[in-house]
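Pasting the structures here.
You will see two complexes here that share subunit A, one where it goes with subunit B and one where it goes with subunit C.
Right after this comes the complex of A and B.
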């Protein structure tokens, strides 16, 4: 009986009800998008860094991984020391440098990554075969690089390094064979990249005599030992920056604090708009139907029931609006994410909006609770209507 | 047994800062099974008295007992429960829930009283048949004529088998023929032992009621029993 009264009361003014639901849906969508935005980048950053299970990064002192062109010199003894640590399962050095290949009459510049094929956390194979440990003539390429150079699996490629910009001639060249097409985890959208053996790329890059590396990825056997291992490495190798992924996420979060504050403010505004919308429309509805509520009270309906009736109307409005808002929010988040992630230089694996069940549930519940709370005042108005006075006014 | 026992009832309203006395010391006793009409000119206090008798409003002073219970000591929930179970209201403008069907309107006080779905469906069907609307039970209130709406309102008033039915100008919004049908229904209720109090301007209605209480300026100036009908 209660629900029949609630639903039919809402259907009595279908256009008004639909407009309110649409308004709540827009507010809920904005709230959901802001909740996703507030934590989405952080989550996708963390997910990206942990995608191959390496929990620690070593980078040049005072920098973050791939933050600058600085190098860690004399990497070999560091790698040997790390490999001797019983808590460490794998050690993956990475060297990033510019490499060049001749394509027809022109020279194509690609980002060259030197990796240890036995311990790499930089890419995932998409087709072909991976580099085998000790494979000093193999090459893996990104889809955009393959497309730009016209490479196919098995093609022979002449990789050139240390290009003289005056003469456009390379100081060093190595012949490699394309083994596979891969997705580099930290690449920007459309970035042309290749991967080869670490020592091979060292020989093609700048200052090979200093034994450089851009970064070292470390996989610790037990997750609960990560911080202790990171501290130990930092103490043993004071010339490098040592960060666990958790620490990197904290640093990333501090850089995003303004972003999160903005999201929080917009989310709060959308929630307030939802509350005002529900509160206003129900107050108007109750005022229009105050005579009906007085009659209900007159024939013996308790105040608590009247409160439940009005709050149930608020719950239906916000419930339907929240469901619509989740759908709308996910659609708009996808569209906005496509726009934002197309910024140049941003890793393709980074997302601004990460749809997670908890975020969706949190936004939907927040809208629902706020909407129901907003119906408290009109419910109170309806329940407190003076019966005799209202009926008298109605009869005049 | 007295269904209503009122002693020196007064009701004073504040109107634009001015105190207006709607009732000035009304004493009234209504026995079970009585059929009583409250008459009087506009502003004489008829509707105010009816609202006091139904527990819709409280007197400014005096003592009022409904079904043996003193009204002034009751909490809001107790008074609401008293209205639900012991009093049935029939309003001049029917006051049905427009979004509900005739059957659902009759079921409303039954549902509030905690009667189960099946039992209240059965009771509503019986009551609608009693008022001659068995075939209109699934029509929304807005799809009914004035006379039909008033019959549904009477069925709703009877739903919880109240000790007292209060009707405020029940034929005021109806044409003469439809009004006559409603009066015939009231006669039937009286014959069935229901205690009825009707506020009316309608001399035709008042003339057929066994007991007539006439109000003038908030006081009872006549309380008479009809000698013959």
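Right after this comes the complex of A and C.
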């Protein structure tokens, strides 16, 4: 009977009911977007860093990976030491530098990554073949680089390094063959990048005599040993910065504190709007139907049942609104994500709004609970209406 | 580097005992001075890398940098050097990152940049406007995001306003029935309810502007303290106020008119019965 009364009451004012549901849906959509924004960046960043299973990064002291042009000098003894560690499964050095290729009568500048093909965590193969260990004449290229230079699989490319700023002539040149097209995991959208053997890129880059690396990626055999291994590496190599992925996520979080605070503020506002909407509408509705509740009480319906009746009405409104809000929230999240991921230089793999079941459930439950709680006051008003006075006033 | 080099410290900084020998001078920004208790006349040891020997410098000035949204949120500290001193510290003599060029009055920057780029090796000339446009791309993205959030908020508040106004006018069914029964014309009843809706929307708008001003002031206070800057994070401009007030008045009047129309087109006795 309760649910039949609830449905009848809501259907009696279809415009009002639809407007309330629409209002709750928009508030729930905003809340869901903000819940996704608050945790999505971190999850997306962490997922990107762990996508190839490397849990630790070594970078030049005082910097984060790829955060500056600084390099770690004398990398070979560090690599040998890391490879001797029984807890470490793989060690992947990376050197990033500017390289140049002649395209027609102009010079195309690309980001060149030097990697160890046996242990690389920098890219995923999309077509062609990967670099084989020890392959010093192979090249893998990103889609934007291939498109800009007009490269195809099997093409021969002359990579030029250390361009003289006065004469625009390269100090060193190496001939390589395009083996595959890859997706570089940390590249910005549209970034032109190529990957080749670590030593080959070292010979093309600046200061090859100092044996440089931009970063070293370390894969630890057991996840529960990551922190211990990171501490051990940091203690043994004081000239490098050692960060686990968890530590990098903390650094990343501190840089994006603005978005977290914004999401907290807007999520709170959307919840308040939802509560106000449900509370106001139900309070007015209860005032209109106060005579009806007095009659119900007069024929013996208990107060608890009146409370349940009004709260069920609130639950139906917020429940339907929350469902609509989830759908609306997912649509708007895609639009908002497209805006934020157009930040210049942001890796293409980063997403600000990550639709996860927990986030969706959390937002929907929050709206539902807030809406039901907001119907508490009108429910109390309906239940405490004095029967005789209300009926007399209603009759007059 | 500009006439005074700017170095974002990646390493360490230690105040040391004052010395009387002639030391190269530096200017440090106020936040850094406050953080480390430094003042004019102190000497500090600076090094560009932890494994390089440190050099001693004399704090000659403490300055307040111009608020810059591009750097303020990073929280990095800055020190200004005389250019040769920074070149010596970095072991990079005869090298600069940037050169600022001021053209003669009346010469378009575009044509100067074009002419400089013709024989250029090792540098590229850009008009300042282009650099400003490029460096503000991040803020353009943030601005687009804020606008999108603003649209969602406007939709939410519009629906909220619609609900409230609809209920507010429907509450007046009995009044409308009485007015109609005593002979007041439909047009007068309609105008009365629209006027009432306009008044409610106007009062709500004024309160909303007040609330926005308080929220904006709170936002500025919190973020200025958080990032130790004088930047304005929330700016309530006349245009924004006009847009917000205009939109809420428009919605209020439109919804009031819609609801009033429903009241005046219904038969007075029917209204009386429904109100009862």
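Observations, loosely collected:
The working rule: the second predicted complex is superposed on the first by the 396 of 396 C-alpha atoms of A that agree within 3 Å, B and C clash if a C-alpha of one lies under 4 Å from a C-alpha of the other, contacts with A are read in each partner's own complex, and residues count from 1 in each chain.
Keep this in mind: contacts are C-beta pairs under 8 Å (C-beta built on N, C-alpha and C of every residue); 3 or more make two chains touch, one makes a residue touch a chain.
Since the structure is predicted, the reported quantities are computational estimates derived from the model, not experimental observations.
By the touch criterion defined above, A:235 reaches neither subunit B nor subunit C.
Of the two partner chains placed by superposition, only subunit B is touched by A:8; subunit C is not. By the document's definition of touching, of the two partners only subunit C reaches A:22; subunit B does not. Look at A:303: by the touch rule set out above, it reaches subunit B but stays clear of subunit C. For subunit A, the partner that touches more of its residues is C, with subunit B and subunit C as the two candidates. On the side of subunit A, the complex with subunit B involves touching residues 1, 4-5, 8-9, 11-12, 291-292, 295-303, 305, 387-388, 391-392, 394-395. Listing the residues of subunit C that touch subunit A in their complex gives 10-11, 49-51, 73-74, 121-123, 137-138, 141, 144-145, 148-149, 152-153, 155-157, 159-160, 162-164, 166-167, 171, 226.
Those residues of subunit B lying in contact with subunit A across their complex are 47-48, 51, 54, 56-57, 76-77, 80-85, 87-89, 91-93, 95, 97-100, 104, 107-109, 111-113, 156-157, 160, 168. Contacts from subunit A toward subunit C in the complex involve residues 15-16, 19-20, 22-23, 26-27, 29-30, 33, 61-63, 68, 70, 164-168, 239, 255, 257-258, 266, 269-270, 273, 276-277, 280-281, 284, 288, 332, 335-336, 339-340, 342-344.
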